[in-house]
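Here it is: the structure, laid out below.
Chain nomenclature is as follows: A, B, C and D, assigned in order of appearance, with residue numbering initiated at 1 for each chain independently.
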């Protein structure tokens, strides 16, 4: 078994890592770390607040054995105790700690600290596995034996997965999108106010749109001569928050280079990612994209758990002629805390373990 | 006082007409009509269901005097008993009954039955009052002494109001929009299912997008030689339903003919409609558009009641360069059952009473 | 494998039966029946509405193989084709059809049609298995080879499970309870209105309180000389509807015969049902009751899935001295469509198959 | 005009005071005070957070003139600048500051700091105006020229108003109640988490039940010889939080001394408080209690605004025979931030100004 540590284990993303790794066939959580406040406590005690309430937020129970593990101080954590680190800390802390860990140990992170570094790939399962080779550049540049590979922003994961077959088959000229994002994306401490979200929409998510307008092009770009050349299309994004627990819905309008009928787009999406799915990574779904013909779908509450929360659901595929002569519109949904965060990071870890690090699994 | 009848008085829109006309300085509700099922009953008895529950859905109480009024059969209603008719019936019934009423009596309707007739204007307060003259053509064509003037679709009311100053000042080349629509737009009998809407988004509203992609151009068009020449820009629309009671939010991306800085757009919007507001119609707000600088606004629950539900709130004005060289993005909100339905129709009735029918008010 | 039919297979409870029986080790669904409207159609076509939307409401997908099964007309269904029938039809239809089926075939039903018949037990797993012997009386009275055994009302399932150890250990003098019930209890066609339930509570559920005030005593009663003598304590119930999808919460205040400290009550609850759980029925949970020490729990969304939706969660156990000298207060939660409906009925079917019908499983 | 100050003016209760006092015929807000963080800023600037969002939470706009008022430091506030103080600060701060203000100036407070002091009345409009005389004792005991009169806990306001006519007419032996409380009762900074409240119920509110089980008896007690003798009946309370914005619903079961038919209880409630309403205080409703015959009411969203949020709505009046030989059950609703907080405090201030302080108004 590969020994893994979860850094930021007491937060919501850390909890999702624990759930996603429960019973994992390759990875065994042997270390937990968090802030100094939690350090030295049993995990279950670190979760309990002053009123005696357990701040465990996942619907799944705490995995067996985890409750009694003692949490270490992330600042003092010795990365050589484990083979692989999953980091779920905030960006500011990630910036400080991840490079320290990466000197010796591979780090897969949900923080954005390294996303925009030229020598760092953002990997999404089935979309850009070839970018993994950029890690060599990162290691060489920084003198690291390990590395840092960040997860993409949660909002763009479904969009990027669905754009990939369109880009490959029809070319993409530009994208206009509106997201209707779930509340879990805003975290839990304290996260969004119930009084703000009740029977309401908040049409702004600080810092979100610039990421959404930039990350997909990097992920969909071409690795050439040790650098990624971003895909050259622009994205115009409006990001809103809706009263939904999990599942980010994106309404996308895409101008394509070539004619893209709904039937052809559907076909390209359905066939997309078969090679990657065939790798049989433990956290991979059978289908990277499922296309629904029900005009009322995808819906966050009904479709987010498809493929264990790792499948992107696409619906309402229909032509667009407003952006340009060729174009397509659709709605896509991805689980923001599974595909878009912890479980997606685990899948990245699985891929890198087997195909980049060439560990026996 | 001008005597008015409400047709479809027991439904949710009919109720909103009653609330909107309560204490009205010009209009007095003297007749109520509805389906045969309600005919002959006191209004309050017509509202009561078999379980003894009162199907009055407005937060405001039933206006004094209305409860005891006897409901007439809409099919047998004599339109000459009143000066003006507000029609809140379904489209199929509107198609049948409104022409009968219009032979003798002016009808302002929330149904879509006549919206796409070439000789029929769709009026929105402050946007296209000059289109009222098209009524003459309708009357001549059809041999009516009265007329039928329909309200616009509720979703486009805020969009169209906000596009008007952009069109006038900067020109509009095309629009891409996503709506996040409130549940009240789906009516009440039975309306949307609580199990479907809880913690969810439904990304499709049957029949909505074609209306949204066509009506604004007619409303923003030019009346020339007895016909409306639609504004020539295309709209690409995705309409979704969110768990909100009232207030349709629209995320709009607009390519303009000429440079449109956020400051200039804000200025054009703030100054828009002063002449119309100065007419002092009883249902008109002080400001047709309010522009908010709070990046988290407009929000449906917090902003829908501005100007008595008749003001469109615009926020998040920012440039767009993806649709074309000049462009602007913003979020707008309008109250779908006030500006977008009953109260908007009352305002239209007020305008027509004073400035088209030239009644003394 | 035991061949089972689901009657009322297209409704929400029928769907939950299908999910609950998916991959069942003993039972195989070989027949589906529903109303005439669905008869002759493939199951998946029977679910599709005119707008092309699939009326499948469970978060789990349609079990493999079911989509293509042809639905039969429940009125013409031949019960001898199967070994066991699960009935999910409305009460009026149940009254008519279940006796016909029961002539030859055992029926376990979620309808209330037979609940209050003197010769019919209402079985809840682990609470009153000895009542199964009353079926002999039913068969003798009615000349049936099969039988009809109804599920209890969904609201009382958690209350009755939690009262059983209190009754056995401390005696019960009376109960005052308020329920906060989930919306799924009101069904789906059309079920509750989204406009009514949004940001609201409805303090009345037609027909619910009389059932809640009567059924627990029958279930907790003593079978003597071929009849059930109800437990002699009265219940005062107020039933309300809250905006929750699944999971009925009950706030109970119980006067006991003897002193019942919170510690003693907790102990009695934790130890309750070990014998029944030890039978290892496929749908039984490991613990019939889980007691939480977190003062903020049980919560419907967080606790309803414990034990696969078959465990009752109890919290906030504290003394009461207002009802009488001895008393206890607590909050309990049970999954209304699992323990309280389809899955509870499946568990009853499992028990009867193995221990009453003595089938080899 | 009477000059009033609002202490804690930037918080949600302070904002509700501002709304409740907007256009008040007797009271003019001349001073605002809050924590040191806000001191010296214009009110509107004190409300703005770092992201530029205005933390004004009322649906009504900020009253004219208030935005530009400069906020003072509550700790340094000179109470002699005003005639009357409304205090909306937290209990710990109230304990410290209110006695300082009360040396010279009357204080009406929504904090609980003084509620359980023997020389301090808790006044609810129409229920116990005679308790105002206890203020003399407070002044004498403490050497104050002013006084501190606290508002009751928000949860009990509707319960206590509805119990008063029952107590007077039928006598009360004991009460068992469950509350379904709105989220606004938990405040706004940060208040409840949206992720916790979505599609959920939280069956515990820290510190609430002891208040609910004690305050009504004080309010309904008898002032004799300078002390209040509490009403002698016990209350058993379970307090829960439901996803509702405003309006606390209470399900009450009451054992009465004498026979209390639903008709007689309704009559007593409908006739209750006519004398008090006849005083014509600006914030008083026409009816202290409205009784609805609709079995599905009261509902928080539909009934909380009755009487400007100052009327208690009672429904579902029905007999109870479980608590004792005579008894009644009902559901009551009161607006927790109007009757139960700021507006109720304003009404108390109005009463005391006119009838205790004998000011000319």
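We adopt the following convention: a residue touches a chain if its C-beta (ideal position, glycine included) is under 8 Å from a C-beta of that chain, and two chains touch if they have at least 3 such contacts.
Since the structure is predicted, the reported quantities are computational estimates derived from the model, not experimental observations.
Two chain pairs, B-C and A-C, are compared here, and B-C has more C-beta pairs in contact (counted per touch definition above).
Comparing the CA-atom centres of all chains against that of chain A, the greatest distance is found for D. With centres set at the average Cα position, the gap from chain A to chain C is 40 Å.
In terms of their C-alpha centroids, the spacing between chain A and chain B amounts to 42 Å. Averaging Cα coordinates per chain places chain B and chain C 48 Å apart.
Among the residues of chain C, those touching two or more other chains are numbered 51, 198-199, 206, 243, 245, 295-297, 301-302. Those residues of chain D whose C-beta lies close enough to touch chain B in the complex are 51-54, 59, 198-199, 293-297, 301-302, 305.
Within the complex, the chain A residues that touch chain D are 51, 57, 183-184, 188, 190-199, 206, 243, 245. Every residue of chain B that touches chain A in the complex is listed here, in rising order: 174-176, 178, 180, 198-204, 206, 234-236, 238, 240, 242-245, 249, 251, 253, 295-302, 315-316, 320-323, 329, 331.
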